[in-house]
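What follows is a set of structures to go through.
Below are two complexes that have chain A in common, paired first with chain B and then with chain C.
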Partner chain A sequence: MADRTGFRRYWLHFGVLLLSIWTASVAVGVLLAPVLPSLPHIGLIGLALFVSMLMPRLTGRPAVASAATAAVVGPLTTLLVPSLGIIAGACAGVAAGTVTARRIS
Partner chain B sequence: VTGIGLIVVLALASWVLRAGFVVLVPASRMPAQARTALDHLPPSVLAALVAVDLTGSVGTSTGPGESAVVLGVGALLALAAWRTPQRRAGLPAGAARGGRHRPRAMVSESYEQRAELSQAPPSKRQRRAQT
Partner chain C sequence: VSTVLTRPAVGTPRAAPAAPAPRAASTGPSPTQLARTDLLAMSSTMIPFGIALGVTVASLRIGDGASAAGAVLMYAGAAQLSATTMLSNGAAFVAVVLSGVIVNSVCCSTGLPWSRPSGTSRGGSAGSGSTSSSTGPSSRPWGGLH
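Let's look at the complex of A and B:
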């Protein structure tokens, strides 16, 4: 029971912490953006963040299949319907990961 | 003020969705197939984000040279992330909790294990019945 209670308490606290830091960071970005010079590499910060979160998760064939499928389907869908690219990529990735995991098992 | 208010509202909506599935919805009652499929969601979403961002940057670049630079930077970032020991990524989260409850369910555990942990603790009546 202690584990379950600790788990829920952990996620509640972590969520509030994330909410605070995320909101504060976005607010700082909104306030500072007009002041910052137009540097081309600033646009790569978001890419660096997502790549650093993605790479440690590629630990098996299902994860690699999910990521590869999403990386293909996402941009292709963006060409047709720009607002649905990431969602379509994610759905296709989940499907590919599930199929790959079933084949392995 | 409107912009900041919108940011706060979006953050709250995001937090309610995130915390709601952990705290309010008993994940253990979800179908096993759904739980297994959710394990593949993080790499899928992140890969879609990276790919859409990269292709967008390449699409808006002024020439093939700039496109090659963007793609090269993406490859370098991936290589750096691949070569960096994974335990470093968990350090900030662990430090935030003071080590009392280690973030054992953050990245390394499957959704099924997280679902088991996220079950509501037994009520007083259930505990009395058990004793």
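Let's look at the complex of A and C:
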């Protein structure tokens, strides 16, 4: 019973604090944006965030094959159907990673 | 940033019947303290990520209200970024939702065996990156982030 109570208290506090900090961080960024100079490469921040999340995961051939395939398929699809770029890139990447992993094993 | 994970003492010597030993659960940090400690470890990556996301979203000219609402409603960094970018580009609602689900999906980001970061046996939080710290509360008696 105490364990279940601890579980609830832990995740309640964790969730509320996480939501507060996350929302405050985004709000700071939104308020900070007009102060920053209008440099053209500010639009690349999003890309840099995704790349920074991707790099630690490139630990093997399947992961590299998946990322490379998605990097090709995603932009190409975006040129044709802009709203399907992420979906097509993700599906192609997962397929390429799965096929590569099966070939290795 | 590392978190010092402390567990309640196990196997403490028994005291005399006249002075019973305190319960093991009361000797360790409370769940509230553990939550604060774990969140402190994650804040070093989460706060810069959130600020960068806010700057990016603000530069999309989708509106500050939508940016703030996205942070509260979507509650996930990478999915929020992709969804907001697509919305500002005029993508269809279904495509935006599907893209957000894919980016936020455990299966696509961390669930596949070959896509896990090195040194982890299970995946981190889906897609957000800000909550994928390897120093999360995975060793808590009642579970942890995954």
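The working rule: the second predicted complex is superposed on the first by the 82 of 105 C-alpha atoms of A that agree within 3 Å, B and C clash if a C-alpha of one lies under 4 Å from a C-alpha of the other, contacts with A are read in each partner's own complex, and residues count from 1 in each chain.
Quick note on the criterion: contacts are C-beta pairs under 8 Å (C-beta built on N, C-alpha and C of every residue); 3 or more make two chains touch, one makes a residue touch a chain.
From a predicted model like this one, the values you see are computed outputs, not experimental measurements.
Engineer: Is A:83 touching anything from chain B or chain C once the two structures are fitted on A? First, second, both or neither.
Structural biologist: second
Engineer: Now for A:17: first (chain B), second (chain C), both, or neither, which partner does it touch?
Structural biologist: both
Engineer: Touching A:57 in the superposition: chain B (first), chain C (second), both, neither?
Structural biologist: both
Engineer: Could you say whether A:92 touches chain B, chain C, both of them, or neither, answering first, second, both or neither?
Structural biologist: In the superposition, A:92 contacts chain B only.
Engineer: Looking at A:32 after the superposition, I want to know if it touches chain B, chain C, both of them or none. Which is it: first, second, both, neither?
Structural biologist: second
Engineer: Should A:43 be classified as contacting the first partner (chain B), the second (chain C), both, or neither?
Structural biologist: Once the two structures are laid over each other on A, A:43 reaches both partners.
Engineer: Quick check on the superposed pair: does A:69 touch chain B, chain C, both, or neither? Answer first, second, both or neither.
Structural biologist: Touch status of A:69: first partner only.
Engineer: Can you list the residues of chain A that touch chain B in one structure and chain C in the other?
Structural biologist: In chain A, positions 3-4, 6-7, 9-11, 13-14, 17-19, 22-23, 26-27, 30, 43, 46, 48, 50, 52-53, 56-57, 62-63, 66, 86, 90, 93-94, 97-98, 101 sit in both the chain B and chain C interfaces.
Engineer: Okay, in this complex, where on chain C does chain A touch?
Structural biologist: It comes out as residues 25, 30-32, 34-36, 38-39, 42-43, 46-59, 64, 67-68, 70-72, 75, 77-78, 81-82, 85-86, 89, 91-92, 95-96, 98-99, 102-103, 107-108, 112-118, 127, 129-132, 137, 140-143.
Engineer: Going by the contact rule at the top, pick out the chain A residues touching chain C in the complex.
Structural biologist: Listed in rising order, the residues of chain A that touch chain C are 2-4, 6-7, 9-11, 13-14, 17-19, 21-34, 36, 42-43, 45-46, 48-50, 52-53, 56-57, 59-60, 62-63, 66, 82-84, 86-87, 90, 93-94, 97-98, 100-101.
Engineer: Write out the stretch or stretches of chain A touching chain B in their complex.
Structural biologist: Per the touch definition, chain A meets chain B at residues 1, 3-19, 22-23, 26-27, 30, 41, 43-44, 46-48, 50-58, 62-64, 66-75, 78, 85-86, 88-94, 96-98, 101.
Engineer: Chain A touches which residues of chain B in the complex?
Structural biologist: That would be residues 3-4, 7-8, 11-12, 14-15, 18-19, 22-23, 33, 36-57, 70, 73-74, 77-78, 80-82, 84, 86, 89, 93, 96-97, 101, 103, 105, 107, 114, 117-122 of chain B.
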